[in-house]
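Structure below; questions to follow.
Chains: A, B, C, D, E, F and G, in written order; residue numbering restarts at 1 for each.
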Amino acid sequence: MEYIYASLLLYKAGKEINEENIKKVLEAAGIQVDEVRVKSLVAALKNIDIAKVLEQALAAPVAAVPAAP
Amino acid sequence: MEYIYASLLLYKAGKEINEENIKKVLEAAGIQVDEVRVKSLVAALKNIDIAKVLEQALAAPVAAVPAAP
Amino acid sequence: MEYIYASLLLYKAGKEINEENIKKVLEAAGIQVDEVRVKSLVAALKNIDIAKVLEQALAAPVAAVPAAP
Amino acid sequence: MEYIYASLLLYKAGKEINEENIKKVLEAAGIQVDEVRVKSLVAALKNIDIAKVLEQALAAPVAAVPAAP
Amino acid sequence: MEYIYASLLLYKAGKEINEENIKKVLEAAGIQVDEVRVKSLVAALKNIDIAKVLEQALAAPVAAVPAAP
Amino acid sequence: MEYIYASLLLYKAGKEINEENIKKVLEAAGIQVDEVRVKSLVAALKNIDIAKVLEQALAAPVAAVPAAP
Amino acid sequence: MSATAVPRAKRIPQWKIEEVKYLTNLFKSYPVFVIADLTGFPTNQLQKLRKKLSKKVLFRVSKNKLILRALKNAGIDTSKFEEILTGQNLLMFTHMNAFELSLLLDKYKAKTYYKPGEIAQQEIVIPEGNTGLSPGPILSTFSKLKIPTRIQGNSIVITRDTVVAKPGDTISEELASLLQRLDIALKEVKINIKAAYDHGIIISGDQLVLDLEEYKNMVMNAHLDALKIGSEIAWPVPEILELSLNKAFRQALALAAEAGYITPDTAEYVFRTAVMKALALAAEISKYAPDLGLEVP
């Protein structure tokens, strides 16, 4: 999940989700970075429109949020 | 949400979620950090059982099902 | 639950769910039969629409999750 | 389903789930037993931890959820 | 579940879910194959629209009302 | 998903989830294996308590609950 | 010796002999009977019940001593019956099993008027509408119970539904008389079974009470458990295999999400899971730090 959170962080920050940036974020969190995983993730994300995926994903998550107190 | 993603990243990495660590992660993502917000975030997280919240995150929508007719 | 399974077995086999049949099944499983339990089971099941309950079984588990976290 | 019911009958009664017992139970319910299926059932059940599986939730299809009460 | 995982693997790979293929996959995973189970599984799967079942497993996450806090 | 199914197959079979084993299973299903993806998946799964994930997968039907009335 | 050796007082009246004979025959010919407490059970309700169940149940009210005598004559061990055969009792003979009879009696619960001093079993509502009662002293009862009324023609009309008692309230004298005048019979009366005799087994009245909902749940849970086991072993029946496929697919997706394993077919699910978790945490955080202004939808 860490790699996904790192990607989402970059996405939200408006930065490019590339190997270098993901590594920077993960390392800042003290995570030992697995090059292969980063490569594989970035390659996979190249084929995916994150904005669209998030939009679709966000259509739902409303549900998951506990109601405000 | 960047602050949340940063917190989750630290949580998954098994690192302490403190001001310093959050700032490091956010900065690595090129995000300008608002000290007050980080403080407030860290203070709030002290009251929260993250593991439990994450577990329930997926269980939540189920609970929303209207009771059996 | 053995008694319930014996009944469901008879139900699926298209046999009458009566005391004699339930006893036969339970005894075949090497279970010492409690006459009063058999009697109460038979009476209760006569008043229940088993087909309907079985159908509801799949709809129920989701809705059955306790609502509050 | 009868074969599964018979197995759970034995399980709940604390009896061994073996070919002989399953056959006895099914026959007592007036069900004609398919030897090959019984063999295959017993073999399959040997590979799972019944208690643990029963603890889990059932993955019911979403469609089964009643749409409205 | 192994037999199901194997079937889904073939399904995803666009291969035919037949006895031979399932056996090959299971054996590659070091699993001793029960011929009868494979035969009956293949026969039963012929009656199932896997695509539809998988679709229902997730269905579109429509907005659900948040659970009570 | 094929790679995940292959991993689950190995997990259920009690075999080690390593590159070699995953490749064997995938190849048995006639799938051309992408080394980087396999490496990356194996690395990711090393950090995961699969038993727990599988359990939670069911406890929390991902799904997609019809909107409340 | 004179005939006075047999005291006249000990001679048993013929009707008692007949009754014992009749009862003995019933005890011998019916495999199941129950002894029920008739105390406080309205006679007219008993008549109704008897009529409704006439095809399945034979009713007999008799004297305890005669019942005991007949039980003995029928060869039934009376030791368990002696202490419950006090007061006024009703015998019901049937070929159903004792639990079935008990459930049947549950179905035909009679309703009667509340008496003063009794406890309300439910919320009592006096419905709006024309009562058909002529104005008179009863009007003060209405006002005492705060039931709004008006006069229309020559009768009292209640202007809106009025709750006059909540469950657990004690029924006042005024209310009891009003309910009777308005013909509102709400109190459930059920024949209280003291004991049942079923093929030689004696079952006490409280043992006879069955919770049908509980049985429904048991059937449902038994079936669910069977489906769980069936789907885990992929029992080759389409109904069960669909559950197996469902389970495998969900497990695979959950594993993909946890591993952050992105492919075109897992991406949406993986990201959704991550976002949902983040949102859940955000919602929780905003409870403690609303000033963060988190974008919780």
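Basically, a residue touches a chain if its C-beta (ideal position, glycine included) is under 8 Å from a C-beta of that chain, and two chains touch if they have at least 3 such contacts.
Worth saying up front: this structure is predicted, and the values here are computed from it rather than measured.
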- Rotational angle, Cα trace of chain B fitted to chain C, multiple of 5°: 140
- Query: Which chain's mean C-alpha position is the greatest distance from chain B's?
  - Reply: G
- Across the interface between the identical copies chain D and chain E, with over half of residue numbers shared counting as same and under half as different, the residues used are different
- Message: On a C-alpha centroid basis, what's the spacing between chain E and chain F, in Å?
- Response: 13
- chain A to chain C: how many Å between their CA centres? 50
- Averaging only over C-alpha atoms, locate the centres of chain B and chain E and give their separation in whole Å. 35
- Distance between chain centroids, defined by C-alpha means - chain E, chain G (Å): 46
- Task: Pull out every residue in chain F that's touching 2 or more other chains.
- Result: 1, 5, 8, 40, 44, 56-59, 61-66, 68-69
- Item | Set of chain G residues in contact with two or more other chains | 222, 224-227, 232, 234, 237, 242, 246-248, 250-253, 258-260, 263, 265, 269, 272-274, 276-280, 282, 284, 286-287
- Given the complex, residues on chain G that touch chain A span 257-260, 262-264, 267-268, 270-272, 274-280, 282-284, 286-287, 296-297
- chain C contact footprint on chain G (complex, rising order): 96-100, 102-103, 198-199, 201, 203, 207-208, 210, 212, 215-216, 218-227
- Message: Applying the document's contact rule, which stretches of chain B touch chain G when the two form their complex?
- Response: 1, 3-5, 7-8, 37, 40-41, 43-45, 47-48, 50, 53-54, 56-58, 60
- Query: Which of the residues in chain G end up touching chain D in this complex?
  - Reply: 222, 224-235, 237, 239-240, 242-243, 246-247, 250
- Given the complex, residues on chain B that touch chain A span 1-2, 5-6, 8-10, 12-13, 15, 21, 24-31, 56-58, 60-61, 64
